[in-house]
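Beneath this line is the structure, given in C-alpha cells, with notes to follow.
Order as written gives the chain letters A, B, C, D, E and F; numbering starts at 1 within each chain.
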C-alpha cells in the first residue's frame, strides 16, 4: 500500500486523538499532541484571507497550550457544555523535508445545558506535522473557521 | 501495515454498514451487525457520567433489536423522517482477549416533512466488538448522546 | 491488506478532493474529477424514490460541469458564502467490469455573511467510478438530498 | 399596522412595513388566501388514481388534495374534526380512506366522517352521546376547480368560476400551455426563501430586472428588453403575464446599457440551450402570475408551475412542479430536463432571483417606513407592448389595496 | 386574546387559540404556575445529602432545589438578587453555599444573602451604603411541600396544604406508588415537544386514545377499553387518574373496533414484557395527572414522574424521572429497566403520544378559531367506571377556565 | 411597555422588562441609535484607499462605510433607493461605484444616484417618467465624523460635533489611545451574545466585577480593587472610563475578599503577559465606554475597539477590531498578538464576561418585574477615585431614561 495512504491513516489517528482529548474532557492530553515549540492559532476565514496576523486563540508554544488548559481548569468561568468534533477529508498535501503539510475539514457541535445540540463551528485545519520518537505531532495547527461570528464564547480549543 | 490500522479500517466498515442500515431504511440489516447476546443502549451523557442504569433504548439481545425493528414496521405511529449519520474518529482503544474495545463520534441529522435538515443528536459510541465467522460484530454498543434533551421523538436507533 | 479496503481508501481520497475543490473555492478543479462523458445530478429524496427524472442540477457531460463553473464565476449573482463538506461512510458496493459502484453520506454546512454556520444539506452520494490513467474518476455521481426543501439558493454543487 | 401611513391610491410607492408586519400578514391570510380567490394546490396528474393524495397549502393553511373513487378531486383541511390532529403526514401517497391516527376517526375521500371507534361505547358504557351525528363532524372541505389538469381551491363560500376569475386574456395564455393535453410530471424543486411572498410576485411581474440582472437571459437573448415583448394583465391587475420572443447573442443599442451582456460568454455543451418551438405564435417565453399563489412558467421548453406557500411575513416556500406532456418524445423530455438547469434553487437564471428576494427582504426590513419606488413605464396600470415598465407590479398593488382595505 | 370567543361554561369545545396565543401563555404562567398551585420540582432522592442541588422549573420559571445542612429542602429562584444572573448553571451537584459568579454575592442553602464582597469598601472608599442590609437581598424563596419523597414548590404566598390540594381520592392513588418506601432514581429521559403543554395533559387524561393508537398496549392487553377500568378525579377536576387492569392478547368484541389490535404480533424476546404484581389491588396501571405540571406513571413495573416545563405556547419539555424502590432486588430493577423501553422519547408506546402531540399542534395552529370536540362519554364531568370517555379532559378545562377567568 | 412601572428618578433599581420588551427595543433604535448620537462604524484604516468599503451597522441598521475618490469618508444606508435591496453583500472590498444588482441602479461613492438603466426606454417605449430626477433617489446618507482614525456616523439631522458629544474628559482619554498616529489593523473577533446590548455596557462600566470574577486580572494584578484606580464620566453620565494601574501577584487585605485570587497560579509561558508601558501617565488600563455602541479597550498593550450591533432585545453582536500603530516594531506587534489571548470570544478574561452576560439575560428574562440593584458606591452619579462602585452604570441609566423618556 502506498506511503501516501499509510501516512493519511496516521494523520487520521492524530486527528482522532485530538478530537477525543477535547470532546472527552481529557484536555491535559491535548498539548501532548504538539511538539514543544508548536504554534496553534484559531483564525476567522475573512482575516485569514486578508492575511491579518491576529488570532482568536494564539499560542506560540506547547507551554501556552498548557496554560490554556490550566485556565480552563482553574481560572475561566463558563457554563458546562459538551463539544463534539467531526473531522473529515483528512489529506496529506506535501512533504517537505521532515515536515508533513496536511489539511482536514471539521465541524464542532455544541450542547449547552437544557438546550438542543447545535452547530458551533465549521472550517478547516491547516497543519504542519512532524514525527517525534516515531509518533506524529503537530508542529503547527491553524484552525480557519468559516463563520466570522462565534456563537457566545469559544471556551475550548476547536 | 500495522494490525492496529488495519483493524481500524474494519471498524470503520462496520460503522459504515451500521449507518447505512439505519439511514437507507434497511432496518432489518441492523440487528445482523450484532451477536445474538449483544446489548445495545442509548444513554444521555449526564446519566452515563452519574452511572445511572436507565437507558432511553435498552436492548439485552439481538432479539430485542429485532423486536424494535418489528415495532418500527408494524406498531409505532410517527411522521416520516430521513436520518443521516456522520461517524468520525473511529478508534480502537484496546484488545482484551477476543474483545475489541472501540469508540467513535457521531452526529445524526434529521429531516422532517416540509422542514429543513437539522442536527438531531451528537455523541459517541462505546463499543465492544468481536469476530464471528471472520466478520466483526457488536457485542455491545452504548450510544452516549451529548444533549440530555431529545428533539421530539427518538423513533429510530441512533 | 484486502483489495476492498484499499479501494475504499482511494475512494475516500477522491471524495476528499471533491470536497476540497468545492469548499476551498477551487471550483475549476471540480470537473477534473469526472470523466468527459460523466453525468452529475442533484435530486431530492422524494423524487428519487418516485423515480422522477428531474434534477435540481442536471449535467450530462464534464463540459456541462465546466459551464456550471463558468456561470458561477461570470454569470450568477449571489451573496458570498462558505460551504463545508463532511463526508462519511464511504463504501464500495460492487465492482461490475471497469465500473466501481460506491456510496457515501454527506453533510454540507453553510455560512452566510453576518450569520452563524447552519446545516445546509445532508444526504448521500451514489457513484459510478472508473479508473482513468490510473486515477479514479466519477463516471456518474447522483446526489440524493434528504430534505426536499433547499434553504435559499443552491449556488454551488453539493 | 393601524398607525402606518400609505396615501390612498398611491401605487408608485410601496411602504416596507407591508413586508414584515405580523398584522398585515394575518390579514393577508384571511382576506387574500382565505378569501374569494382561487389558490393553486397541484396538478391533477399528481393524483392520477382513486385514493391518490397530495399534501398542499392555501397560503399557509395545510390541505390535502385527494381524488375519490368517482375520480373527482377533493381538497380538505389537513385537520381532524375531533381534536385537530394534522392527520396526513405523508407528502403524497394513496389511501382508501382518511384515518386520523389519534383515535382513528375515519373519513371518506370526500372528507365525510364515516366511523368513530367505540362510538356506542362498550357494554352500555361510554361512547358518544345519543345525539352525536357523524354529519356534524366532517373535515373542512374547500371549493375545487380544475382546468386542463391544473387544480385550484378556494376557502370562500361562493367563489366565482375559475374562468371568470382569470378573465379572457389570462385564460387564453393559461390555455396556451394547458391546452388540454395530458400532463406528465417530471419532478419537483422546493426552496425556502427568507423574504416576504409579495417579493416573488413583484419579481415575476417585473420584466425590467430580467434584462439587467440575468447574464444568461441577456447574453443568450432568452429574454431581453430589445426583443418584441409585451406585458398583459386582467382587468383587475391581479393577474399578469410577461410575453417575449427569443433573440440572439449579439450586441445592440440596448445591450450597451446592460452590464450583464457578455458577448464572449460561450457554453461548452450547447445542449443546455437548444430550444425548439412548440407553441403557436411567436412568443418563446410566457411568464404568467395568477393571484394569489401561482406562477406558470414557460421559458423555451421548460414548463413549470410555481406555488407560493407563505411561512409568516419573513419567509415563503416556492414549490416548482416541472412537467411536460404525455405525448412528449424522448428528445423533448431530455430537452426539458436540460433546460430545467435554468430554473429552481440551482437555476442558472433563478438563483439570481432567489438571491435578490433575500437581499430585498434584508434591505427593507430595517426600514419599515421607507418605500419602494415604482415609476418605470409611467405611474399607471395598463398593458404595454414592451417590457421597460413596472406597470404589472402597480396593478398587483392596486388590487392588493382593494382586497386588504389598506 | 381579548377578542376571542369561548361561550361561558362550554366544556365540549376547546378553541384552538388557547394553544398558541402569547397572552394566554403569559396569563397561564402568572395564574396557574405562578398561582396557588403545587408544582412538582423533583424527587428528594435526587438531593439525598446536605448541599445537594438540582436545577428545576416551575412552569418556565427557573429554580434550584437544594437540601440544606439541616436536611430540609429549599426551592429558590435561580436568579441572583444583585443583578439577576442565573447563578446556578450545573444541572445538579453539591455545594456548601450558593455563590453568584459575577460579583460573588454568596447565599446560604436557604437562600439568605450571607456575604457581599467589598461591601465595606477599601480604605474607607466605596462599598455599599451604610443602610444596606443583607436581609433585604435574599434569593426569592418558594413554598416547599414534600410527601413520601416527592417535592413540590409553590410561588403563592399562602398555598393550601399539599394533602388538601390533592384531595382524598388523588392522595390515596399518590400514596399507592409513593408509599413511604425510600426511592431509588434509575435515570432520566428528556424531550422537547413542539406542542402546547396542555396537549400533554389531554393525552394522559384521555383513555380513549390508548385503546386505539397504541399497538403495544392494545395488542398485549396492557391497557384496553375492554378491560376493567375507571377514571377518577378530585372534586375540582384538575387532577385525575386512569386506572386499569392488564388483559391478554386475545380478540374480543372491542378489539374488532381497534385497528391497532394485531393478534399475530409477537415479541422475540419476551423479557420486555414480564410484569409482576407489586401493588395491592387489581390495578396494573395507574396514570395520574396532578395539576399543573406532573404526571405519575405506573404501568406494570415501570414507574416514573413526568414533569412539564413550558417553553412558550408552542413547546414544552417533558422530563421523565424513572425510579424504583431502595429495596428492589436485581431482578426487579432489571425488569423496570426493560419495561422502560415502553416509555420516553423512544418508548414503544410513548413515541405514538409525542408524535400525536406534535401532529395536534401542527394541525390546530393554522386554525385558531376552530375547536376541539370533547363529547365522548357525555358532556359532563364525573368519575366513570370505564375508559370510553373524555370526562377528565372536560374536568381539566372546567378548572382551567375558573383559574384563567376565560 | 406602557403598563410597566419604573419610579421616576430611580437609578438604584433597573427593571428587567427593559432587557426583553420589544417596544423598548424599537424605541431604543429610534431614539438612541437613530437619534442625535454618534455611533462607531469602523476605523479609517480599514478603508485606506479610494473605493474601499466596509459593511457596518448603526444599532441594527445596516450601513456601508466607503471612502470616495477625494479621500472623504461616507456612510450610506445599505438599501437601494429603488426597491430596497441590500445591495452590498461583501463584508469589505473596493469598488469604483455602488451598483445594486437587481436593476443596476448605480450610485457614486457619495451615494448619489448616477445611472438608471433604460431610463429613457427603448425606441421611445417605456423608461422613467420625464419628470423623474436622479437627485430625488440618492442612497440615505448619514452624518460622518472622524477623529484620529476612528469613524462615527449619525442618523440625526443636526448632530453635535463629536468633540462636544464626547466632552473634554472623555475626549482626553480618547486621544490618549487615538493620538493621531496612523493605526494598523491587526484583525477582528466577532461574537453573538444571547443577551440584551445594555448588559455589555453595564459590564464595562462595572469595575466591581473585575476584581472578583476574573481570576486572570485578579491573580496577575492586571486590574484589581486594591490598585490605584478611578471612574470618570462625562457630564451626562452616558460615557465613562475605568482607569487603573497594574499591581503584582501578591496577597493583600483586598485579595482576602477575592475568591478569584490564586497566589499559586503561574504561567508556563510568561510571554503571554509581558506588558511594556507605552502611554504617558501611570494608568496601565483604560476601558472607555462611548454611548451608545462603542467600547475602547486599552489593557496593557492590547488595544481594540468593540462595536455593539444589536440583534433584537435578546442578542447583540460584539465586533472587536484589534489594532496597533503603524510605527510598532515587530516585538510590540508580537506582544499585542499574545496579549489578545486575554480578549475576545476565547479571551482568558473576556470569556468570563460573555458568559456572565448570557447568564444575566437567562436569569432576568423570566422575571420582567424584578429589578437589578445598583447601590454599590452610593446611590448617586459622580466620578470616584476608586472602583468599588456602580456609579457609572447609574450614570448610564440616568441618561438612558432621559433619552428614552422612561
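Heads up, the rule we're going with is that contacts are C-beta pairs under 8 Å (C-beta built on N, C-alpha and C of every residue); 3 or more make two chains touch, one makes a residue touch a chain.
What you see is a predicted model; the values in this text were computed from it and never measured.
> Chains shared as neighbours by chain E and chain F?
Touching chain E as well as chain F, we find A, D.
> Count the C-beta pairs in contact for B-D and for C-D, then report the pair with the higher count.
By number of C-beta pairs in contact, C-D is the larger.
> Shared interface numbers for chain B and chain C above half of all numbers used, same, or below, different?
Chain B vs chain C: different; shared/all numbers falls short of half.
> Of the pairs given as C-F, B-D or C-D, which one copies B-E, with over half of its contacts the same by residue number?
C-D
> Using only Cα atoms to place each chain's centre, name the chain farthest from chain A.
It is D whose centre lies farthest from that of chain A.
> Measure off the straight-line distance from the CA centroid of chain A to the CA centroid of chain E, and report it in whole Å.
43
> Cα centroid separation between chain A and chain D, in whole Å?
The separation of the two C-alpha centroids amounts to 48 Å.
> For chain B, jot down the residues that touch at least 2 other chains.
1, 9, 77, 79, 86, 88, 107, 114, 116, 119, 148-149, 151
> Residues of chain D that touch two or more other chains: which are they?
89, 91, 101, 192, 213, 317, 352, 356, 359
> Provide the full list of chain pairs in touch.
A-B, A-C, A-E, A-F, B-C, B-D, B-E, C-D, C-F, D-E, D-F, E-F
> Considering the complex alone, what residue numbers of chain D touch chain C?
Residues 91-92, 185-194, 213, 215-216, 219, 262, 265, 267-269, 271-272, 317, 322, 333, 337-338, 340-341, 344-346, 348, 351-352, 354-356, 358-359 of chain D touch chain C in their complex.
> Can you list the chain F residues touching chain D in their complex?
60-62, 77-87, 89, 99, 101-104, 117-118, 121-122, 125-129, 132, 137, 140
> Can you name the residues of chain A that touch chain B in the complex?
Contacts found on chain A: 1, 6, 9-10, 13, 15-17, 19-20, 23-24, 82, 84-88, 107, 109, 111, 114-119.
> Under the definition above, what is the set of chain C residues touching chain F in their complex?
77, 79-80, 113-114, 116
> Which of the residues in chain B end up touching chain A in this complex?
Against chain A, the touching part of chain B is residues 1, 5, 8-9, 45, 86, 88-91, 103, 105, 107, 119-124, 146-149, 151.
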